[in-house]
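As C-alpha cells, here come the structures.
The following pair of complexes shares a single chain, chain A, combined with chain B in the former and chain C in the latter.
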Partner chain A sequence: MRQSGLGRVINGLTVLAVVLWLVPVVWVALTSIKPANVINSPTPTFFSFTPTWAHYLEVFERFQFDRAIANSLIAVGVSTFIVIVLALPAAYACARMGLLSGDGWALFILSLRFMPGVVVVLPYFLMANYFDLIDSQLVLIIVYVAFGLPFAVWLLRGFLLDLPREVEEAARLDGLGWLQIIFRIILPMSRSGVAVTAIFTFVFSWNEYLFALFLTYDKATTIPIALQKTIDLYNVLWGSLSAGAVIQLLPMIVVVFLLQHHIARGLALGAVK
Partner chain B sequence: MSDKASEVYEKTMRRAAYERSLTRRRMLQASAAAIGAAAAASFVPQEVSAASGKVVHFAPAGKRLDGTLRAVQPLFNKAFPNIELEVASLPVGEALTKINTYMNSKSDAFDVITQDHAQFPALDAIGALTDLWPWLEKDKAWYEDYKKDVDANYRSMWNVPKGPSKDEGGAGYVAAITPDGNAMMTFYRKDIFDKKGLKVPETWDTVIDTVKEIHDPDNGVYGYAAAMKRDFWSGYQFYGILRSWGGDHFIDWPNGDFTVALNGDEAFKSLSMLVELAKYQHPVSSNASEDEINASFANGSALYSPLTWGTAVLNDPTYTDLHEAWHMDLSPRGTSEKSAHRALAGGFGQFIPTWAKNKDAAFDWMKFLNSPAEDVISAIVTAGGQPSRSSALNAWRDRKPFFEGLLKAFPVAVVNAPVIPEAYAIMGATGEEVADACNGQKSIEDAMAAMQKRVTRIMEDSGYYN
Partner chain C sequence: MTARSDETRLSPSAGSALVSVAMRSIRAQRRRLAYFLMMPSLVVLIGLSIFPAVVSGILSFRVHPLYNPNVARFIGWRNFEDLFDDARFWESIRLTILWAVVVVAVQMVLGFLLAVLLDRKMRGIGLLRSLIIIPVFISPIAMGLTWRFIFEPVTGLANWFVSQLGFEKYSWLSHIDTSMSTLMIVDCWQWTPFVALILLAGIQSISPEVTEAARLDRVRGVTYYLRIILPLIRPVIMVVILLRLVDSIRIFDLVFITTKGGPGSSTLLASVYDYIIFEQGHLGLMAAYGFLILILINIIVVLFLNTLYRTEKAARLEELK
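Entry: the complex of A and B
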C-alpha cells in the first residue's frame, strides 16, 4: 500500500524524533569507550578513536559497581515485589469493596506520592540511625515500599475498575474468598496493569537518589550513588560517568524490551489511558 | 646504598621509565628523589601498635580523596594486620554536608573522617572534633617529623583555633592532620607563554596586558578563564584578589573585630579587576565551577587563570594531552604597601570524631597515611593525590608542576575564608554580588554596597554584634 504524503511526513518526523532522542544516548555509549584524553580534546570525535574498556574496568574496580548493582537489584527488586503484593489487595479494596472508593480518595492516595522526599529524609535518617539501620538494604526497602505504594495503589485501582465485575461475582458464587479472587482471578486478568505498575515502581526506585544518599554510605549504596561518585573533585570523569550510565540503563532496556507488549497493552488500559 | 634504599631506587627508576620521555635530566631527578625518599622512609614508625579492631574511614569520593585512602589501604593492612580498615565514601558534592549531618546526629559509625578545611569551624561548634594531642604526644618522633615536613603555615590551618598549637606556644589544639595539600594558584600554558616570551604576571597591574597577548577568541582560544559561578566560586575569586591587596571581609577577624570591610579600596580594586577580566573570559567562565574550568584547560581552549584551585589533574597524562604544558605559580599580588602574595589554601584534613569507637587504631591509620614513607607517598601521588609534605612535593615536582606551585604557595598560604561557621554563607553572598558586577547587572559600587549590607546582615543574624 502506498503511503500518503502526510503519512510520509509523519513517518519522517517520527524518525527524526527517534534520532534526536538517540543521539545523546549513543554519544554517552561512545564516550564510555573513548580514552580520557580523546574525551577532553578540543575537537569532538564520533568514531575516529581506539576504543578502550578502561572506564568499564574503573567503574567496577574503583567505584565498586558490582556491589552497587547487587544492592540496587536487591533493594529495588524486593521493594517492587512487596509493593505489588500489598498494592493489589489495597487497590482491589478501593475499586471493589467500597473502601476509600471515591475519586477524591484515589487522588488523596496519589497525593502521598507528591510529597517531596526532602521533607521527610531527615526524619527517616534519624529513625534509621536510632534503629541502627543506616547503610542497610532493609532501610532502602522500607522507604521504597513506603514511597512506591501510594502510586501503585492508585495505578492498579484504575486498571481494576476496568475489569468486568461478572467474573469476580461468578468466582464468589463458586466459593472463592477475597484473597483467592485477587490472586487467582484478578491477577491473571490484570497482568498488563500489574506489569506496568511494577515497571513504574521499579524505575522510580532504580533511579532514586536522595534516600539512598542519606540512608547509605558504603555497603548498601546503589547505582545512582556510585554513578555520582564519578564526579570527582574539580573534574568530571566523563568516561567512567558514561560507562556507569550505560550500565544503569541496561537493565531498564532489558526489562522494557521483555515486557513491551504488556506495556503497550497496559498503557492503553486503566488509569493512564 | 642500603637494601631498602636500593629497593626504593629500583621502584623509582621503574616509575621513571613509565614516563613518556625519559630524559637524562629526569633520570638524575628520579635518582635524587629516590635517595631522598629512602631517607624519608627511615621515619616510618617502627613500633608495633597495640591497637586493634575495626576502623571506618569516611571520605568524599574522588581520586584525591577516597582514592588515595584506598591506594594506601593495602600497605596499611600489611603493616597493621590487627586493624581492620574500611573505607566508606559518598559523592563529593554531597559528602561535605552529609558529614555535618552525621556529626550533628552524634553518629559513632566512623572513626576517621576526611573533611574540607572550611567545614572545621562548624564541626568545632558542635563539638565533633577530637584533640589529637594525646596520640601525638605518644609518638613525638613522628610528630616532630610531620611538623618539620609540612609547612607550618599550612599545618596550622588544621588547629582550632587556627594558628600555632599549644605545643608550639599557641592557643590551638591539633584537630586534624592532612596528607592533602591545596592552594589557589596561577595556572598557565608554559608552552604558549614561552613562545610569546611572556612572564607569569607577578602583580595584578600586568595581568590584563598578558591576557590580551594570548587572547584569540576567533580561533577558539581564550586568554583568561576562572570559576566564576554565581555563588561561593566567584566569592573565592574575589577573596583571593582581596587578600593579595591586603584586604579581608572584616577589619580584623582573627582578633575578634568582625566589622565588615567590603567598602574599601582593596575591595574596589579586586572587584574592578574581575570586571575587567570578564571581557576576556572563556565563555564557560560565568557559570563555571572548577570542573568546567579544568575541562577548558584540558582541551586547550583556555590558556591562563591567575586564580584557580585546579588540582594536580592537569598534570595527569590520562586526563589531558597538555599535561606537560600546564604549569603553576603564585597568584599575582597587589602593588600597595599592604599587598603580598597570599595564596588561599584549602585541602582536606582527617579528624577523629568525638563519638568514634576506636580512636587508638584510628590514629594509627592516620599516622600511617601521613607517613613520609616512599611507598605511601608513591601510592598517594599515583592515585591522584597531592601531598602536603614538602619532601613528597620535592620528590615528585619534576613530573607534577602543580607540586612546584604548592611548594611556593604554602609559605604564603592564608586560610581560604574567615574561620567561622558562617564562612560559606559569606562566600556565597559576596560571590553573588561579584557575579552580578561581572555580568553587568550591577555597577561595581552597587555590588560593593550590597556585599557590605548582606555580610553585615549575616553577622548580625548570627549574633556577632550583640
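Entry: the complex of A and C
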C-alpha cells in the first residue's frame, strides 16, 4: 500500500494512542515488582529499581490468594461449563428451528442480561440463607450460570446462524438424532464460536464482585474479594494490590493473544446479529 | 386393489394438500423439539433470573428490616412513597442519568476515532488491536483500586504527570467537584476500546465494492468516514449505544470500590445508593429502588429496540423498491 507522509503520521498516531492507552496497565505491572519504599516515594520511578517478588509472596501468604484462585477457578470453571452445555441446544433452537420466530426468543433471553445485579442480589441472599448455602461454591456456581446463560445463548446463536445448513441436513439423512447432531456435528464445526462464548462467560464471572460480596465471606471468597482486602481500613498495600491485579489479569491476557482474531469477531457478533 | 389405484390417481391439488399436511406435521414436530432443546435454559432462566426478580418485586411492597425480621410485613406503596420523598434518591437518579449520557457520548466519539485509527492497513495492526482490548478484560475491582493508586494526591502518577506539565496538583477522586469527572475518565478508559473494536468490526464488514466505489469517486479521509462509513454502520452504532447505556446505568463495582458514592454524595449513582440502603438494613426499600432501576432500563431497551427495528424494516422496504 502506498504510504503518503500523512499516512505515516496517522500510523504513528495509532501506535501512540494504543501505547498511551496502556500506560496504566504497564504502571501496575511495574508497581507489582517494586520495593515498598520506591512505591511510596512522591517522585515516581519507572525503571531504575531492583525488582522484588515480595508482593507476590505477600498476596499468597497474607491474603490467601492460593485459596481465592482455587475458589475462583472452581466456581467460574464449573459454571462456564454448565452454561455452554445448556446454551448450545438453546442457541441451536433459536437459530435453526423457527421457534415462534427465533428472534423473539433470542431477544427475550438477551433482555435478561440487562438485569441489574442489585435487583436480584437480595432474593439470592435470602434464598441462599434459607438453604444454608451462604459462603459455598455451589451458590456462586448457581449465580454465575444464571447470569452467564443469556449472553451465551445470544452469542452462540450468532455463530450458529453463520454455519452452512447442508452438513446438518446430510447428517439428518444419515439418521442422526438432534442431540447427536448438536454435540457431534455442530459443536466441532463451531469450535471457535464456542471458545469465544466460553471466554466471555468466564471473564464475566472471573471479574464478578457484587454477588461474591453478598454470598461469601470466608471459605468461598473469590479473587476480587481477596484483592479488595489489600486496600481497606486496615491495609493500604499498593504493591500487593498490583501483584494481585496482575495475577487476576494474566490468564485473560494469555487468552486474548491465543484467540485474538476470534475475540474481535465474537464481540462484533454479540453486538450485531 | 381399486382403492390403491385410486390413491395413486389423486388429483394434483389433493396431492399438494397431502404434502402440506405432512409438512405441517414435520413443522409441529420441529417446534416440539425446539422447545425440548430450549427447556433446560428456560427453566434455569425462569428459576434463577425471573423468579428472584419477582421475589424482589414482592419485597418492594414490604417493610423488611435486616436486623429485625420479626416486624416484616406488607406495607403497600409506602417504600416507593418514601423513596420519592427522599432528596438523595432524586439526586442519585439525576447523577445516574448525567453519568450515562456523558460517559456513553464520550465513549462513542472516542471509540469511533479509535476504530478509524485501527482500521488502517499497517504492519503490527493485529497486535495493536489485541493490546487495546486488555482494559475490557480487567476486573472493575482491580481497575478501581489501581486507579485510586494512580490518583493518590501525593504519591500518585496522575498528579506527578500534571505537575510535570506545570499545572497545579489536582484533587481527582477526593473532592466533590472533581470526583464525578474523574470516575468518568476511568470508565471511558475501560470501555472506549470495547466500543472501538465493535465499530471496527462493523466498518470491516462493509462490502469492498462500496469502499472501492468511494475510492474511485475520490471520496477520502474525513468525508469518507463521515459520509460513507457512518451511515452504513448505523445499526451497529445503535446496538453499541444500547449495550453501553444499560451497563452505565447498572454500574456498581467501579464506583463502590473507588468512592462509595462520596465525597458527600457527589458520585452517588443509583446502584451504589441502593447498596447503601441495604447497609442501613432497609431490605424492602432496597428492593423498591432496585425495581425502579429495572423499569428505567427496560424503558430504554424497548425504546431502542423499537427504533432499531423500525429503521431495519425501512431499510428492507427500501431494498424491495
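Please note the rule applied: the second predicted complex is superposed on the first by the 244 of 273 C-alpha atoms of A that agree within 3 Å, B and C clash if a C-alpha of one lies under 4 Å from a C-alpha of the other, contacts with A are read in each partner's own complex, and residues count from 1 in each chain.
Here is the rule we use: a residue touches a chain if its C-beta (ideal position, glycine included) is under 8 Å from a C-beta of that chain, and two chains touch if they have at least 3 such contacts.
Predicted model only: the values in this text are computed from it and were never measured.
> With chain A superposed, do chain B and chain C clash or fit?
By the criteria stated at the top, chain C and chain B clash after superposition.
> Give one of first, second, both or neither to describe whether A:P24 is in contact with chain B, with chain C, with both, or with none.
second
> State whether A:V119 touches chain B only (first), chain C only (second), both chains, or neither.
second
> For A:L13 in the superposed arrangement: first (chain B), second (chain C), both or neither?
Second partner only, chain C.
> Which of the two, chain B or chain C, is in touch with more residues of chain A?
Here the partner covering more residues of chain A is C.
> Please work out whether A:N40 is in contact with chain B alone, chain C alone, both, or neither, and reply first, second, both or neither.
A:N40: touches chain B and chain C.
> Does the superposition put A:Q228 against chain B (first), chain C (second), both, or neither?
both
> Identify the partner contact of A:I263: answer first if only chain B is touched, second if only chain C is, both if each is, neither if none is.
It touches chain C, and chain B stays clear.
> One more residue to check, A:V254. First (chain B), second (chain C), both or neither?
The answer is neither, since A:V254 touches no partner chain.
> Scan A:L57 for contacts with chain B and chain C and give back first, second, both or neither.
neither
> Touching chain B and also chain C: which chain A residues?
Shared contact residues on chain A: 40-42, 122, 126, 228, 231.
> What part of chain A is in contact with chain B in the complex they form?
By the definition above, chain A touches chain B via 35-37, 40-42, 62-63, 122, 125-126, 129, 134-135, 213-214, 217-219, 221, 225, 228-229, 231-236.
> Spell out the residues on chain A that touch chain C in their complex, using ranges where they run on.
The contact residues of chain A facing chain C are 1, 7, 10-11, 13-15, 17-18, 21-22, 24-25, 27-28, 31, 39-44, 86-87, 89-90, 92-94, 97-100, 105, 107, 109, 111-112, 114-120, 122-124, 126-127, 142-143, 145-147, 149-150, 153, 178, 182, 203, 206-207, 209-210, 223-224, 227-228, 230-231, 238, 241-242, 244-245, 248-249, 252-253, 256-257, 260-261, 263-265, 267-268, 271-272.
> Which of the residues in chain C end up touching chain A in this complex?
Those in contact with chain A are residues 27, 30-31, 33-35, 37-38, 40-42, 44-45, 48-53, 55-56, 59, 114, 117-118, 120-122, 124-126, 128-135, 137-143, 145-150, 154-155, 157, 160, 189, 193-194, 197-198, 200-202, 205, 235-236, 239-240, 243, 246, 249-250, 252-253, 256-257, 271, 274-275, 278, 283, 286-287, 289-291, 293-294, 297-298, 301, 305.
> Spell out the residues on chain B that touch chain A in their complex, using ranges where they run on.
Those in contact with chain A are residues 58, 60-65, 67, 70, 86-94, 98, 101, 105, 107, 109, 220, 289-291, 294-295, 298-301, 309-311, 313, 317-321.
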